[in-house]
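In what follows, structures are represented as structure tokens.
Same chain, two partners: subunit A is paired with subunit B first, then with subunit C.
Right after this comes the complex of A and B.
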């Protein structure tokens, strides 16, 4: 099982929403599309689902060209950001609706709905309407519907964005287990880098309709190929030192070390984060963020240094990595 | 006492709705006409007894109900079609939306005069068409069997835009996601109409139905201008009959009885329609 996007582009009017997109998702792999709003990540998802048509390029599911195949025949299990549950139907009816329009026998319908309700621990909610459910339960119903679709690939569009922060963290392992259990490729759209890192094997960082970099979370963090990826991945944000002869040096806040002889700084602001603390500093090379351990006391004279191999160097005009 | 903030609104409703209603109830059990010298004298329910035996009242009730049900049904059907059309994206949709509302913006008396002219014998365009096709004169506004249909045409023309507006607002509350989810599940547009659009539009259909039923049941200006209730009282509505009792026969007591009687009928009809629709929602037979 696999999903391949080959040179996909989509245009609305004169604007390219998605441009020359190349992507491959393998069997059992979860790929997150990460980026700021308007970067084209949801548009890419809609292209894969067949809800929109690309102006250029081809889409392959399991090696078969599905570019001109209708959404229903692509067998997509999709979870919408809004969950798109039918408000006038109960949970069981919501789940059965798809089976019924696909003319599956009443007996099969009943058995499949019952088994997915059990799998998702939704038996007690079977006769409730979506409005009566909690956010987490609604998400499970939306996922149950996708599972019932018996899909070739899963597409998830910000499935966590309607949940509160604690619930999001709690649900991640379970969601990951359910979508990966049968080995279908998964495309997971999110704007939350922590979620992308927690959920995905690989992350594609998108910007302006294009993929800026694809890689494992570790690769993106340690070897960002552009200033955009370097600043988008990692919180607190990476420090960008002003360009010197056309080269911008970037250094992660945790790679900065206190020392007795180095770059001299003044403390502007301090945030205590528990096991660590974040200092905002002003230096002769601009503002800097540094992460220190929680018990570090502020010295009278703050001096900073870092290891040269921790430096990321980018070309100032193109923004691309050059070391 | 935060409830005190509701007082102005409550007072306003009491003033414009409560007081007239109480006054009419009071008047409906009094004789107050030219005979009594326009002084209210209690007559122990004689007005109500007269109402129950008043054939003209019952005939007007039947005519009003027929007018209301036929025109409201046609309006809902037409308005649904128009709303669906205006909900689609196409060039010039904004202009057409504005034009659609025009009949509703026109004063009823003006457009009723227009329809009277259109149906006029022998000079109106409809009769002229009959001449063109060598048909006998239609006499639409002087044939007691068909004149009411002409009033239905006028009412449908005038108020379909209003219902369409309500339904269009309802259509726009249905998120596009639901349709996309339905298509991904294998549904086609026809099934989407019956399984997604109609059920989710139901509250708006009900709203349009009740609004229009109440309005059509109290129809006055359209009938007064178009036919004056004729020919042979065949288009006379309850409101027109109450008006005649007060303003022509100067029998204010009995006019109030007709008014309250038709009000009770209307409440009954609205409750009944609401119950029928509310029940079908639970039976789920209609939309499933």
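Right after this comes the complex of A and C.
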């Protein structure tokens, strides 16, 4: 099982919302599309689903060209951002609707809906309407509907964005287990880097309709190929030192170390985070963020240094990595 | 502040309800009491007007039935055409939809009375005179612009993810309409249906000219006939009784569906 996007582009009017996109998702792999709003990640998902048509390029599911195949025949399990549950139908009816139009016998419909309700622990909600459910339950119904499609790939569009922060963290392991249990490729759209890192094997960082970098969370963090990826991945944000002869040096807050003889700084602001603390400093090379251990006391004279191999160097005009 | 608002509301209520209450009052008064000062042994209150209207030939319920028949067929026919039309207006490119909506708005605002001579000519040529069901053709056509506009704003307000989810689930166009979209716009459909029914129930010039047989008259024409039935006197009481009877079914409809009507009419306005 696999999903391949080959040079996909889509245009609305004169604007390219997805441009020359290459992507491959393997069996059993979860790939997150990460980026700020308007970067084209949801548009890419819609192209894979067949809800929109690309102007150029081809899409392959399991090696079969599905570029001009209708959404239903692509056999995708999709979870929408709003969950898109039908408000006038009960949970059981929501789940059975797709089976019914696919001419599955009433008995089979009942069996399959019952088993997925059991899997999702939604038996008690079977006869409730979506409005009566909690956010987490709605998400499970949406996922149950996707599972019932018996899909070749899963597409999830910001499935956590309607949930509060605590619930989001609680649901990640379970959601990850369910979408990966049968080995289908998963494309997971999110704007939250923590979620992307927690859910995905690989992350594609998108900007302006293009993929800026694809890689494992570790690769993106340690070897960002552009300033955009370097600043988008990692909180607190990476420090960007002013350009010197066309080269911007970037350094992660945790790679800055206190020393006795180095770059002299003044403390502007301090946040204690428990096991660590964040200092905002002002130096001759601009503002700096540094992460230190929770028990570090502030020295009278703050001097900073870092190892040269921790430096990320970027070309100032193109923004691309050059070390 | 609240007191002035109450005052305004009371004034508005009086302004709109007073004629109706006066009509109800008149319908229970004897004709003599309406025209002369009462002598001692005369009573003001009577049911005579209602008796007269209900036992006339043909009896009044006949007209109610005629109007209901025309109303139901016009409403059904209008919805049957307007719902798919409204849906398609949401799906066509935006500039096409805007043009079509302007055109529909123009048609909705056009004073239809200007058409009635042409319609009469049409009825004569197509032999549609004295045919109750044929009346629903012009009624459907005249209600169509408003119905399409109201329903298309209801379709537009539905989140597009709902229809996309249905597409992913494998529902074809008709299945999506039947199982998802039409049930979801039910409030707008109810308010549109009431408006169309109301138009057909109240319509006068076309009904007057297309129908001449006494058995087939619709309410407004029948009521007008009562008013003009005698050269020498005007039967105020009977006329009032007929209007009260004619208004009752609509009053019931509106009371039953008032929540849907209000939510349907304001739907487009809030989300814009």
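Note that the second predicted complex is superposed on the first by the 323 of 323 C-alpha atoms of A that agree within 3 Å, B and C clash if a C-alpha of one lies under 4 Å from a C-alpha of the other, contacts with A are read in each partner's own complex, and residues count from 1 in each chain.
Everything that follows uses one rule, which is that a residue touches a chain if its C-beta (ideal position, glycine included) is under 8 Å from a C-beta of that chain, and two chains touch if they have at least 3 such contacts.
Remember, it's a predicted structure, so these values are computed and weren't measured experimentally.
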When subunit B and subunit C are modelled together on subunit A, clash or fit: clash
Partner chain in contact with A:88 - subunit B first, subunit C second, else both or neither: both
Which of subunit B and subunit C A:310 touches, first, second, both or neither: neither
Partner chain in contact with A:172 - subunit B first, subunit C second, else both or neither: neither
Residues on subunit A lying within both footprints (that of subunit B and that of subunit C): 49, 51, 71-72, 76, 78, 80-82, 84, 86-88, 97-98, 101-102, 145, 149
Residues on subunit C engaged by subunit A in the complex (per definition of touch): 159, 161-162, 164-172, 175, 179-180, 183-184
Contact set on subunit A toward subunit C in their complex: 49, 51, 70-72, 76, 78, 80-82, 84-88, 97-98, 101-102, 145, 149
Subunit B-facing residues of subunit A, complex: 49, 51, 71-72, 76, 78, 80-82, 84, 86-88, 97-98, 101-102, 145, 149
Interfacial residue positions of subunit B with respect to subunit A in the complex: 175, 177-178, 180-187, 191, 195-196, 199-200, 202
